[in-house]
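Take a look at the structure below.
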Amino acid sequence: MSTQSQLRVGMVGYAFMGSAHSQAWRTVNRVFDLPLHARMTAVCGRDEANVAAAAARLGWEQHTTDWRALVSRDDIDLIDICTPGDSHAEIAIAALAAGKHVLCEKPLANTIDEARQMAAAAERGAAAGVRSMCGFNYRRVPAVALMRRMVADGRIGDIRHVRAVYLQDWITDPQFPLVWRLQKDKAGSGALGDIGAHIIDLTQFVTGQRITGVTALTETFVKERPLPQASSGLSAAAGDGNGTVTTGQVTVDDAALFLARLDGGAIATYEATRFATGRKNGLRVEINGSLGSIAFDFERMNELEFYDATEPSTEQGFTTILVTEPDHPYLSAWWPPGHGIGYEHSFTHQARDLIEAIATGADPAPSFTDALQVQLVLDAVLRSAGHGSGWTDVEPIFAEVAA
Amino acid sequence: MSTQSQLRVGMVGYAFMGSAHSQAWRTVNRVFDLPLHARMTAVCGRDEANVAAAAARLGWEQHTTDWRALVSRDDIDLIDICTPGDSHAEIAIAALAAGKHVLCEKPLANTIDEARQMAAAAERGAAAGVRSMCGFNYRRVPAVALMRRMVADGRIGDIRHVRAVYLQDWITDPQFPLVWRLQKDKAGSGALGDIGAHIIDLTQFVTGQRITGVTALTETFVKERPLPQASSGLSAAAGDGNGTVTTGQVTVDDAALFLARLDGGAIATYEATRFATGRKNGLRVEINGSLGSIAFDFERMNELEFYDATEPSTEQGFTTILVTEPDHPYLSAWWPPGHGIGYEHSFTHQARDLIEAIATGADPAPSFTDALQVQLVLDAVLRSAGHGSGWTDVEPIFAEVAA
Amino acid sequence: MSTQSQLRVGMVGYAFMGSAHSQAWRTVNRVFDLPLHARMTAVCGRDEANVAAAAARLGWEQHTTDWRALVSRDDIDLIDICTPGDSHAEIAIAALAAGKHVLCEKPLANTIDEARQMAAAAERGAAAGVRSMCGFNYRRVPAVALMRRMVADGRIGDIRHVRAVYLQDWITDPQFPLVWRLQKDKAGSGALGDIGAHIIDLTQFVTGQRITGVTALTETFVKERPLPQASSGLSAAAGDGNGTVTTGQVTVDDAALFLARLDGGAIATYEATRFATGRKNGLRVEINGSLGSIAFDFERMNELEFYDATEPSTEQGFTTILVTEPDHPYLSAWWPPGHGIGYEHSFTHQARDLIEAIATGADPAPSFTDALQVQLVLDAVLRSAGHGSGWTDVEPIFAEVAA
Amino acid sequence: MSTQSQLRVGMVGYAFMGSAHSQAWRTVNRVFDLPLHARMTAVCGRDEANVAAAAARLGWEQHTTDWRALVSRDDIDLIDICTPGDSHAEIAIAALAAGKHVLCEKPLANTIDEARQMAAAAERGAAAGVRSMCGFNYRRVPAVALMRRMVADGRIGDIRHVRAVYLQDWITDPQFPLVWRLQKDKAGSGALGDIGAHIIDLTQFVTGQRITGVTALTETFVKERPLPQASSGLSAAAGDGNGTVTTGQVTVDDAALFLARLDGGAIATYEATRFATGRKNGLRVEINGSLGSIAFDFERMNELEFYDATEPSTEQGFTTILVTEPDHPYLSAWWPPGHGIGYEHSFTHQARDLIEAIATGADPAPSFTDALQVQLVLDAVLRSAGHGSGWTDVEPIFAEVAA
């Protein structure tokens, strides 16, 4: 295969997200017919031994510890950023400057300032044909994509209510260690940025409306935790391996709650928490409109609930659509009806859409600017929570860029 | 049967609530063994013909249009108030003054001032052996009573999250007429007082915690509606019968959203709306604690969801308890396991508990003071919503009483 | 109220079924507008003290221990038979001969011969304007009535599959005593006649098709049980009260399984068992047709599942219809949408339909002949199970009558 | 990587099953740590152009149209058979004779005779260290593996009931063409062998009991169908592309129903159909035991329902275990809790277990003999259905082998 028809990927970071992205790059061309073929050229990490092992395990051709070298290599077409949020801006801006397409995990950045710089860099890149995309993978769950399509098609009419929660429970144990996701300098915020960002993006995507203002409340239930020995993904072991456990301050929110108004007239409730015992990955969204309602729960990701208020009154009810039909988004490429797909497929679909956009010269969504807007909502939430929950407008996207 | 062992009831109002209460008085002694036998002595309403028809239909021995006469009759032991909220205070205070026990529908009153006067009258009555109770009937759904018992027994540990919604959709049609429940002078507030009050009471009852402060948002989606020709229950026909339709202002909220803190450390989201298309009586509460979680949905009122985080990790999950066993609250009196009960049974159980309290000389719960506290939460919600959603403390119960 | 407009009821038996029927007679005229008013004139039982207590508790005006006297009294219009199956025939035939309308609990009789005699008596009665009805109460669950209506309206097209189970678990404990329902002489059969009869009637009612032949399997898992001290309803205490426990043989099936063909071309599976641990009253029916499917589970009796294969392919799914709307069967008389009803309401609806039929001079359904046909299916099942599960035709209804 | 540590796979067939197996071989070593590394060496099919395209698409290094050559190549260690059932025996026996490990899709063969020969060949192979396995992939769904583990651990006690259905609806349209799965010579049987075989294997696997006898009923609702133009997977287009549609006879069952007894004392109902409108891949199994029950529905494949009758009576209920925890079978290798997996993962797990068995010199399950026993059950079903549904014993496995 000629390199012209390849998309040579360099990935930075190889933990939970890196593993999910690897599965996507490995699979995407085996399932979808695409004009470009993804090649897993190189993976980058800080620790030589670890990144070598990851490369072998995940199937990357090469490995490196130098992301700056990686982003400037001629044989790399796209940089896939899977690191914690504090390094996103530096890597993404350098990669875009080097003319590489960029896929960056969410949240886009840990600060508004960084996010604005990234969005500006992405816009400059776009002008030069360099594509960038933020990894809000849940948009690519078929049921969510179908939800968007049905809302856009007017199936639920004018939207009145949005009800979104993202419920997890992996840190309810006070002895769970102080992993990077619980440290403000690395993660930016806690449940809010990690999972709250997903429901902000998802609900704005599905409704086609944007949050204009919020009133918020955050809480850190467990304020001190043991320092971690090591951590990967969402699990971790406390202690230093010598039996000594020292503790540190949790500097992010365990839970964030907010009410919002959207620019199309809807009102909304949002909740992101890591303390909802028994809810493992409970991303749930319900939207009520004048003609119907639609609801999704990631723990049953192959299903979509739809209420059609235009049906005969005796037959109305919530319909559980099993989103596995060939005419549902992304699914003609997969298995027969009723044979569900899993979490990782959202990343494969994300890779599919990104490859398609690059090949056809289109700007993929969500853009860095879209992701910046999500950051602005997160920022409004934190400002409201920090000032007596008073109503707080979301800053306009172009405020400082324009200045 | 001697009158000593009877509880002679006089009911004021005979619409939706009056009909439900009648079914309860008619049934309670046929199902439960109780020391007093309820007698449906008289029903009162404003229109002579209508109240006569209601008496015949519902099985009341007598009818009257004069509630003042009713509350002072010697052959009446208890006044059951089923009228709109604007008349609660006057009737309840007069009945208590006349030495009658009082059961008053929620919300207790339309204003804090009235509610305080009622609570004070109830406390004076209690001192004289006269009992009063506010009709938050959902406490008497067996699954809710079980929920309370399990939380009180520590089955979910320390409470971190409360998530409560009460979703209805009966006024999504803009042509639905301006019934009394949409008029502030009669109903006090809209979704907030009508159904929001229920989830406030229910969550405080189940958790044993009280809301200390809120930040809130209210909305009236349809601001003008046709005047009603007639209305009963939750349905109504618009127009004056002559084909002329005139409109009026909706003066209450269609939806009320608020975040709250509870005095035991929990944080909470609340939503009450009449615009959640497809949700008919969606009173849903989930509570997450350090040891487990528990959830209830009135649309499946015979079920309770329980997550026990102390079970072996491979067997944890939400257990759907079918609350129809003889050792579940109230159920030994009813049918075999799996043979569910309905909405009206909550009123029968309420009547049972009230009769038991009267017979044993105990003060029933929720008291008028409990109901006043719910009114104070409603008041804080409206104040927050009226002032930029700023954080608003719930006023203390005894503030003005003490003055 | 004049006796002309009354329907004076005499009920025989006052245990589980008697209690449910009493609630129906007490309630029916308070909820439905009917041309006749049910009067609870007298209840009959074998033990003087017990029946007196039952009369007082359940609200019957009089009590008696002499059913023969009861059925011939001038001031009784209808005999309601709630005794075990071995006494149905004698009472029903005597009552019909005395010109009384009869409501008889299912199964109609313990033998085909008795059932044929009852059907013949009912047909003679009908000719003289005397009405009779068998108490397959589940037909009157609103969701089941709606199911019937939708199938009759062609909403699922031609029926291919019927899948019916009735799952209970109240005798899984081998120490549960040998109550009358486990004795062939009193109960006729076990799970088969008690609960299997319900799903036979229900599926034939809903489909409008009749079972023509079966292949069957029955099992008695626990063959010997302690003799009961006393029993009521479905629960019982073992022993004779003196600490001595003697045992007896279980002479009925614990479980009955059969496959069937229906006269409209459908094929079916049926299962009735009292050993389905965790299933309390799991009457579940699913019917698949050429245009859709429909499913019901009594444990969620206010819901009906409907799949409409004529909807756009991307929006198809099982719709959970919350059967609480005013235009659903029976429900305009009850509460607002979303406020569910319970098990006992099926009996109230049965009373309603029976009163309506009597008042209007129509023959109510299911008739004794309908109930005889169910007995013939039960008989075919037992014959097949007794002869190596060979295919066994259901005997024609009129075979011996015609002889 | 040395060839010693590789497992060089040659796959025959590349349609629906071939695609699923390819995804498994591609993924298994990227997710699991295994002693052998699967290499996708060559794929085989009858049409040169099609197999070449499939090789490119699915990522096989080479392609061939000669399966006989493939099975004798030195650089192939394992033959993976994904063809229709009529070719299984010939390929598998040749491969085993050539010393290749064999993975064969189910059903093992179209006739008992072929299945016996395959089982015998596999036993000879096993003696020589050559491994064989039949692809009942559903055993490797984590929830099913957990189900097996819990039943084996005694969590539901003695098994009384098995209730198994496999419901699909892809041929309800009479115009759906006569694909190979509807032709007896290619497919052996219809719904029975295709999906009924799965629930036979799955329930025997989970219970540890084997079916000893059956009574059965089969039906072909649509007896004639248009001949197909082309077909792949479960979908197909009718016609010859020139607008001419000719029809042919459907020679297999559309639906098969049977009752069974298992050797441990349980009784069972089974249903396999392609006419259950709205059920897409409804493989559902419920097992009731003396201490509890357990249930699975493939359409919610990440969930397992468990009822523990040893819990306190007020807290019993069906627990929905979200089978995504690291200590659930296979799941430590995948994503964090709550991040579900899909259909294809069952094949990846199958590949994992097979590789593990080959590397450690163990015989994998299900063996060809296990699969032969499933064929014997299918055979008994067809014999019973063909002879008036009379009770039919399942033939012993070693009957003819011993002869």
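Residue numbering begins at 1 within each chain, and the chains themselves are lettered A, B, C and D in the order written.
The criterion applied here is as follows: a residue touches a chain if its C-beta (ideal position, glycine included) is under 8 Å from a C-beta of that chain, and two chains touch if they have at least 3 such contacts.
On a predicted model such as this, the values are computed, not experimentally measured, just so you know.
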Does B-D or B-C have the larger number of C-beta pairs in contact?
B-C
So what's the Cα centroid distance for chain C and chain D, whole Å?
42
Rounded to the nearest whole Å, what is the centre-to-centre distance of chain B and chain C, using the mean of the C-alpha atoms as each centre?
36
Chain centres from averaged Cα atoms put chain B and chain D apart, in whole Å, by 55
Chain D residues touching 2+ other chains are 279, 316-318, 322
Using the contact definition from the top, classify how the chains connect: line, ring, star, complete or other.
complete
Any idea which chain C residues touch chain A in the complex?
146, 150, 304, 306, 308, 313-322, 325, 327-328
Which of the residues in chain A come into contact with chain B in the complex?
156, 160-161, 163, 165, 167, 169, 172, 215-217, 219, 221, 255, 257-259, 261, 265, 267, 269, 271, 273, 275-279, 286, 288-293, 307, 309, 316-318, 388-391
Under the touch definition given earlier, write down the residues of chain A that touch chain D in their complex.
16, 20, 22-23, 26-27, 30-31, 57-59, 168, 170, 233-235, 279-282, 298-302, 322, 324, 326, 335-345
